[in-house]
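Each of the two complexes below includes chain A, the first together with chain B, the second together with chain C.
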Partner chain A sequence: MNKGKIFKLAKGFRGRAKNCIRIARERVEKALQYSYRDRRTKKRDMRSLWIQRINAGTRIHGVNYGNFMHGLMKENIQLNRKVLSELSMHEPHSFKSLVDISRSAFPGNKNVVPAPQKKGLQILV
Partner chain B sequence: MSVLSLAASSSSSLLSFSSTCSSSPKPPFSSSAKPALKTPFVGFSVAPPQKLWFPSTTDLSFNNEGNTRRSFEIFSSKTEDFVRVPLDQRWMYEDYEVDGPDIWNNTWYPKAADHVNTDKPWFIVDATDKILGRMASTIAIYIRGKILATYTPSVDMGAFVIVVNAEKVAVSGKKRNQKLYRRHSGRPGGMTVETFDQLQQRIPERIIEHAVRGMLPKGRLGRALFNHLKVYKGPDHPLEAQMPVELPIRDKRIQIQK
Partner chain C sequence: MAASTTATLSLCSSFATHCKISQNLQTPSTYFSFPSLSLSSSHKLSSCSSRRPTFPLLTKSSESDSAVVVEAEFQAPEPEAGPDDSEPAALQVVETPSSEAPKREQLFAVVMIGGRQYIVIPGRFIYTQRLKGANVNDKIVLNKVLLVGTKTSTYIGKPVVTNAAVHAVVEEQGLNDKVVVFKYKKKKNYRRNIGHRQPNTRIRITAVTGYQDYPAVTLES
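Up next is the complex of A and B:
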C-alpha cells in the first residue's frame, strides 16, 4: 500500500522517521520537496564549484578568474567551465597555456586608480 | 579484462571437453564419422548444443578462426592489447572508452587517498607586527584549501598552519584598548568581557584562534579544519619535524604602519 512506498523512501532517516508512519510520511514529503528543489540548485552549485576551482587554478599563475574569462571570451575560446576546471586539475600544462593565451589577449586592469589613502590629521598640520 | 578471462576459460574448457567426449554421459560423438546429432560443426567433436549459442564462448572457441560477426575487437591503449566485445554490447563502447572510467565528463571528487593528512603541506607565519584580521584571513584561506585547483568544499583538503610570536600581533587604531572579547558561561549573569589588551596579557594564543575560527566554516568540517591551526606564544614551536615553509602572504597592507 502507500505505507510500503513511504517506508521504502524513508530508509536511512533518523529516529522514528524511518519507523513510524505518521512521522515518516512528513519527512518523506519534505525529502521529496528538497530533492525537487535541489535538482535545480545542483546545476547552480556545480557551476559555482567549477568557477572556484578555475579561480584557484588561475591564481597559481597570477591571474584571477574574471580577467582569465575575459581573455578567453576575447579569443573566442568556447570551453565551458566544467572542462576548464577539469583541465586545471588534471592537465596543468595545457591549463597554463590557456592562461597565457588569456593573458596575452587581456593583460589585466593596468590603469586602475588606486584607492584613496587615509591621510589622517597630518593634512591639517 | 573480464571478457578476456572468460575467453581463456571457455576455450580451455572446450578443449578439455572435446578430448574427454567419450566419457561424457551424453550420446557419444565419434570424431571421425558423421555424428548422430546435427550440429553446425561437422567433423569436429563439440560440446553439447546448448553451450554453442552463448555469443561470448562461441566466438572464442578454437573452431572460429579470426574475426567472425559474433564479436568485434577494440584496441585498448592502456593494456596494448585487443579486447573482445560481444556484438550486442557494441553500442556501449567507443574506441577510446575501453580503458577506464570517464574523467572528462564527470566532475572530479577526491578519493580518500587524495587528502591524507600526512601528505599535506605545513606553513609557518610569524605574527610579529602583522594586522590581526588580514593575517587571519590568509591563514583561513590556506587551511580551507581554497588556493588548490582541486578544492572541494565538503572535504578537508587544506594545509596546516603554524603561527609563532602570537603575543606580538598588532591591531590598528584604538582596538588595542577598545576591542572587546566576550564569553558567556550559560548561567544568568555569566558574561565576561575583556579587552584585547587584557586577553593578550592572559592568553595571547586565544586572540589568533578566535580570529581564525570566525573565518572558517561553522560545522563539523569547520571544527576539524580548526585543528589544523597551531598557535604558539614565543618564537619556537615543537613542529620542526614537519619542516614548515614560509606562508606566502600577498596582502600589501598586512604589516602595521608605525
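Up next is the complex of A and C:
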C-alpha cells in the first residue's frame, strides 16, 4: 500500500504535502534523503557539541580545550569526548581532577591562573 | 514535588521503564484491580521520585546525547549527583522521600563496550551492541573500566582502572527501531528503499567492584 505508507510518513508536513499524493510523494522522498544524509552529519554535530561543552568546562579552570586534550593524551587517559562532556556538566569535581591531571602533564601550563573576573556595574552601587 | 516528579519521568525514559518493571514485580495484585490503579500509578510516581533523590542533577541533563548513547537512547549518561551548591532547593525537595527507599551506594563508572563508552550506574540498564554468544540471564563481567566515581573520590584510569570490574546481567537481545535507508539519485531513475534494524542487547548493571586499591583522587567535596 504505497500511498498509505507515504501519507503516514507525511504527517506534519505543510499544506498540500500531507494530503495530496503527488506532492506528498516528492516531499517524503526528500525527507528520507535528508534523514539518510543527516544520520551521518548527526555524528559530526554531536562531536562538535561535546567539544564546545568540554571547552566551556575547562576554561572555567583556566585551561583551553586544545591543551586539555593534549594533556589527557599524554597521560594515556582514553575517555572519549562524549563522556568528558557529560562529566563536565554533571560531575564538576571529577572533571576538575581531570583538568588538574592534564595541567600537570602538559609542561608550560603549570602556572596558568584563571583570568581575573571582570567586575560589572555592581562596583558603582 | 509534583513538578520535579513529572520532570523526572518525562526526561529519563529508561529510568521510568526500570521503575515500572520493579513496581509490577512488587505489586501484582494492584495491577489488575481498576479502582486501585490510580493508587498504583501514584505509588509508581512516588517510588520513582524516591529513587531519584540521589541523582537530582540527572534531570537537568539534556539528553540528546544521552539519546545518542543509549541509542538506544543510546547509553545512559547517568552520573551521580555531586554536591552542587547551585541546586540546594531541588536537593531538599527530592531528598525527603529518599529515606523510604533502600540506600544504594552512590557511584558511577565509565565502561567501554563494543567500542563505545557508557556512563553506568548500578541498578540501571543500558543498550549496547549485540553481544554474540550471550544468552538471556547471563552474568557478564566488563573489564574495560575507564573511570570510577564515588561520592568522595574519583579513580581515573590510565587508561583502565586495574582490577576493576562491572558486573551486569543480560536482560534481552533485541533490535533497535527500524531505520529507513532511502537512496535516490535524481534524473537517473535510481531509488532504493531498505529498512534496517540493528541488533542490540539490553544489560542491567548490578555492581562495580575492584576499584578500591587503585590510587584515587579525593575530591574536595
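Heads up, the rule we're going with is that the second predicted complex is superposed on the first by the 106 of 125 C-alpha atoms of A that agree within 3 Å, B and C clash if a C-alpha of one lies under 4 Å from a C-alpha of the other, contacts with A are read in each partner's own complex, and residues count from 1 in each chain.
Everything below uses one rule, namely that contacts are C-beta pairs under 8 Å (C-beta built on N, C-alpha and C of every residue); 3 or more make two chains touch, one makes a residue touch a chain.
Everything quoted here is computed from the prediction, not taken from an experiment.
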Greater residue coverage of chain A in the superposed arrangement, chain B or chain C: C
Which superposed partner A:40 touches (first chain B, second chain C, both, neither): neither
Touched partner set for A:50, first chain B, second chain C, both or neither: both
First, second, both or neither for A:32, with chain B first and chain C second: second
Touched partner set for A:60, first chain B, second chain C, both or neither: first
First (chain B), second (chain C), both or neither touched by A:88: first
Chain A residues contacted in one complex by chain B, in the other by chain C: 46, 49-50, 82-83, 85-86, 89-90, 92
For the chain C and chain A complex, residues of the former touching the latter: 57-58, 60-61, 64-66, 68-69, 77, 79-82, 84, 108, 110, 117, 119, 146-147, 149, 154, 156-159, 179-184, 191, 217, 219-221
Complex contact set, residues of chain B against chain A: 103-104, 107-108, 146-153
For the chain A and chain C complex, residues of the former touching the latter: 29, 32-33, 35-36, 39, 42, 46, 49-50, 75-80, 82-83, 85-87, 89-94, 96-98, 100-101
Interface residues, chain A side, partner chain B - complex: 46, 49-50, 52-53, 56-57, 59-60, 82-83, 85-86, 88-90, 92
